[in-house]
Structure formats: structure tokens, C-alpha cells
């Protein structure tokens, strides 16, 4: 009954999210022995202004 | 001092969220013995493209 | 299909969590129109050393 | 630079988590175009007393 | 390798988030002994309709 | 009224968490204009078996 929360930059297409959701669900069914229909996945998409690594917003890193 | 995070599909009205927030706060006060003003609740609303169950995006399930 | 994540101090009994889970599920069914069996709730219980409000760990506030 | 948070019942072995982490990372590299070393995954493992679906703690569902 | 998730009301400027991200990263490097480039921070910004304290939506508290 | 959730490896002392909580609260008061007593911080501490970067559990990286 895993809940998967993925925080990532906005901009992925529905098709990318479709494939990610399907494949992560497959992984959890195969490796964790979870029932397929008990798995929920949410994508929390944030802007480049709302995400930082190494102390720097992503918006300040581009076009590096 | 609970923090409650609710991830759900977008589309609920302010009034629905108003009632949910009030009632969940009541539950925590009554059952967990928490001070009312120490309870915070956030709704993280995601689109049907950003939510999946059983490996399938919600957008792909409708109009089922 | 809401996912509810509750972060709170450890120490509640199973029976308290049982009642909280049941009642929050009731609230979401009644107010958000969600299917009962699509609701998952997780309690993330942290120690008084791992929780702070107003910049102060809970362990430092007691027995206030 | 995705952060992946997986909330699931405790009890999986290190080897299961090893495979899940590797494979989910592969999925995000292949489908989201993310750099491998920018992906972090955390498992938040909760007891059967701290997880509920359909308004019922998991501990109350077994041995169903 | 901390992941920091900050849920707050929307409305802060990029510059505010820039300073918060930089300074929180500094804190974790200095106090937790973490490598700077292993720290990721995400801001989850919610509307006044999607945030409640003491059982009341923030939108209902203004202009208090 | 920010909620801050920090997911990190277990092993920090209470004193480290005390300083981190105090200083992050200071940052949010100074940069986000938040009331001090509206800030809550939780540390979610996970084992080296339950944390991965670049597709590899932390336990498998040591003593690198």
C-alpha cells in the first residue's frame, strides 16, 4: 500500500508521467510484493523558482 | 502539534476544504488531545495528469 | 483518492490512531465525495527531539 | 533533481530497498531525463498501527 | 543529503526564496555537517484556500 | 505559517537538531516575514538502508 510522492521540476509531459507512474508501480509490485491497485503516486511539480540544490535556486543555475 | 498534509485531486471548492479542515481539526483535538491552535493542515492539489493509482494516471481512467 | 500524511509526536496508542483514521476517512468521504477504499492515511510519528515549534524543540519546552 | 518519498509498511529487507531504489532511479533517468546523481529517494517505513486504508488500520485487517 | 520540504502560503518572491534556500543550506552545512551539493530544498506553495490553522482556512482569517 | 519537513540520515544529536530548528526558524522569520510561533519543523530521520542517492543506498556507499 505504498504512497509515492515525487517532487520534481514542472515541465514533464503527461506521457512522461504516464510512463513513470506505470514503471514505478511495476517496480513496487515486483520488488516489494505490493498489490498493484494499492499503489498511489503523486507528482508535486514545482517551478525553477521553488527548487534549490546546493543552496541555489534552479532558476539561477540556468543556462549552465 | 500535528501537521496534516492532504494530497488529492484538484477541483474541490473552498467550502469543501473549509469543512474538511474544520472537521479534521475537531478529530485531532478530540482523539489525540492536541491543542486546537497547534494544528496545521495543507491541501496539495494535483491535476489528473499528476496522480496515478494502480500504475495508471487518473486522466487515463476517465470517463470510467 | 486522497493520501493523508499526519506528522505528530509519538506516543498515541493504536486505539487513538484507529479512531483518528476512521474519522478522517469519514470526513473525506462525506465532504470530498471520495470513495472510502481509495483513502490512505499514514502517521509519521517523531520524537520530542525531532519536532520544533517557534524555533524550539518540544523536548526543551517540557514540562511547560 | 527529483526527490522521491515512499511511505510504506515496515518489513522490507535492505535488498528489496536496494532494488527498488536502483530501478526507480533508472526509470527517472530514462523517462524524465534526469541526471542520475541528482535523484534522491527516501523510504518512510511505518508500522501496521500507523497506516490505514479505507478507514481501517492495517493491523486490524490482518490476517485477512 | 537532506531533503527539505517547505509548505507555505504562496506569494513570496523569487528573491525571498533565493535567500531562504541559501541560508537554510548554510545552516545544514554548518550544523549537520552535510555536503553543500547534497542538499535539496523544495517550496510547496499553497493558496489561502488550501491552508488552515486551528481548523480555519487562512482565507477566512483575513483581514485579521 | 510554514511547515518544514527535513528528511535526513539518522544520527544527529539533539543539540544539532536544536540549533538547526532555531536557525531555520530565524531564517523564515527574517526572510519570509512569518510569525515565529507559526513555524513548525519536523525531522524525519531514516537509516542508511532507507536512503538512496544516484540509485544506490547510502549503506552501500560507505565507507567511501
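Observations
We just call them A, B, C, D, E and F in the order they show up, numbering each chain from 1.
As a convention for this text, a residue touches a chain if its C-beta (ideal position, glycine included) is under 8 Å from a C-beta of that chain, and two chains touch if they have at least 3 such contacts.
Everything quoted here is computed from the prediction, not taken from an experiment.
Taken together, subunit B and subunit C share the touching chains A, F. Placing every chain at the mean of its C-alpha atoms, the farthest one from subunit A is found to be C. After Cα superposition, the angle needed to carry subunit E onto subunit F is 180 degrees, rounded to a multiple of 5. Which listed pair repeats B-C comes down to matching contact pairs by residue number; over half match for A-D among C-F, A-B or A-D.
Between the CA-based centres of subunit B and subunit F the separation comes to 24 Å, rounded to the whole angstrom.
Our note on geometry: subunit C versus subunit D, Cα centroid distance of 19 Å, whole angstroms. For subunit D, the set of residues touching two or more other chains reads 1, 3, 5, 7, 24, 40, 42, 44, 51, 53.
Those chain pairs judged to touch are A-B, A-C, A-D, A-E, B-C, B-E, B-F, C-D, C-F, D-E, D-F, E-F. By the touch criterion stated above, subunit F contacts subunit C in their complex at residues 5, 14, 17-18, 21-22, 24-26, 36-37, 39-45.
Listing the residues of subunit F that touch subunit E in their complex gives 1-9, 12, 16, 19-20, 23-24, 27-28, 31-32, 34, 38, 51, 53, 58. Interface residues of subunit C, counted against subunit F in their complex, comprise 7, 44, 46, 49-57, 59-60. Those residues of subunit C lying in contact with subunit A across their complex are 1, 3, 5, 40, 42.
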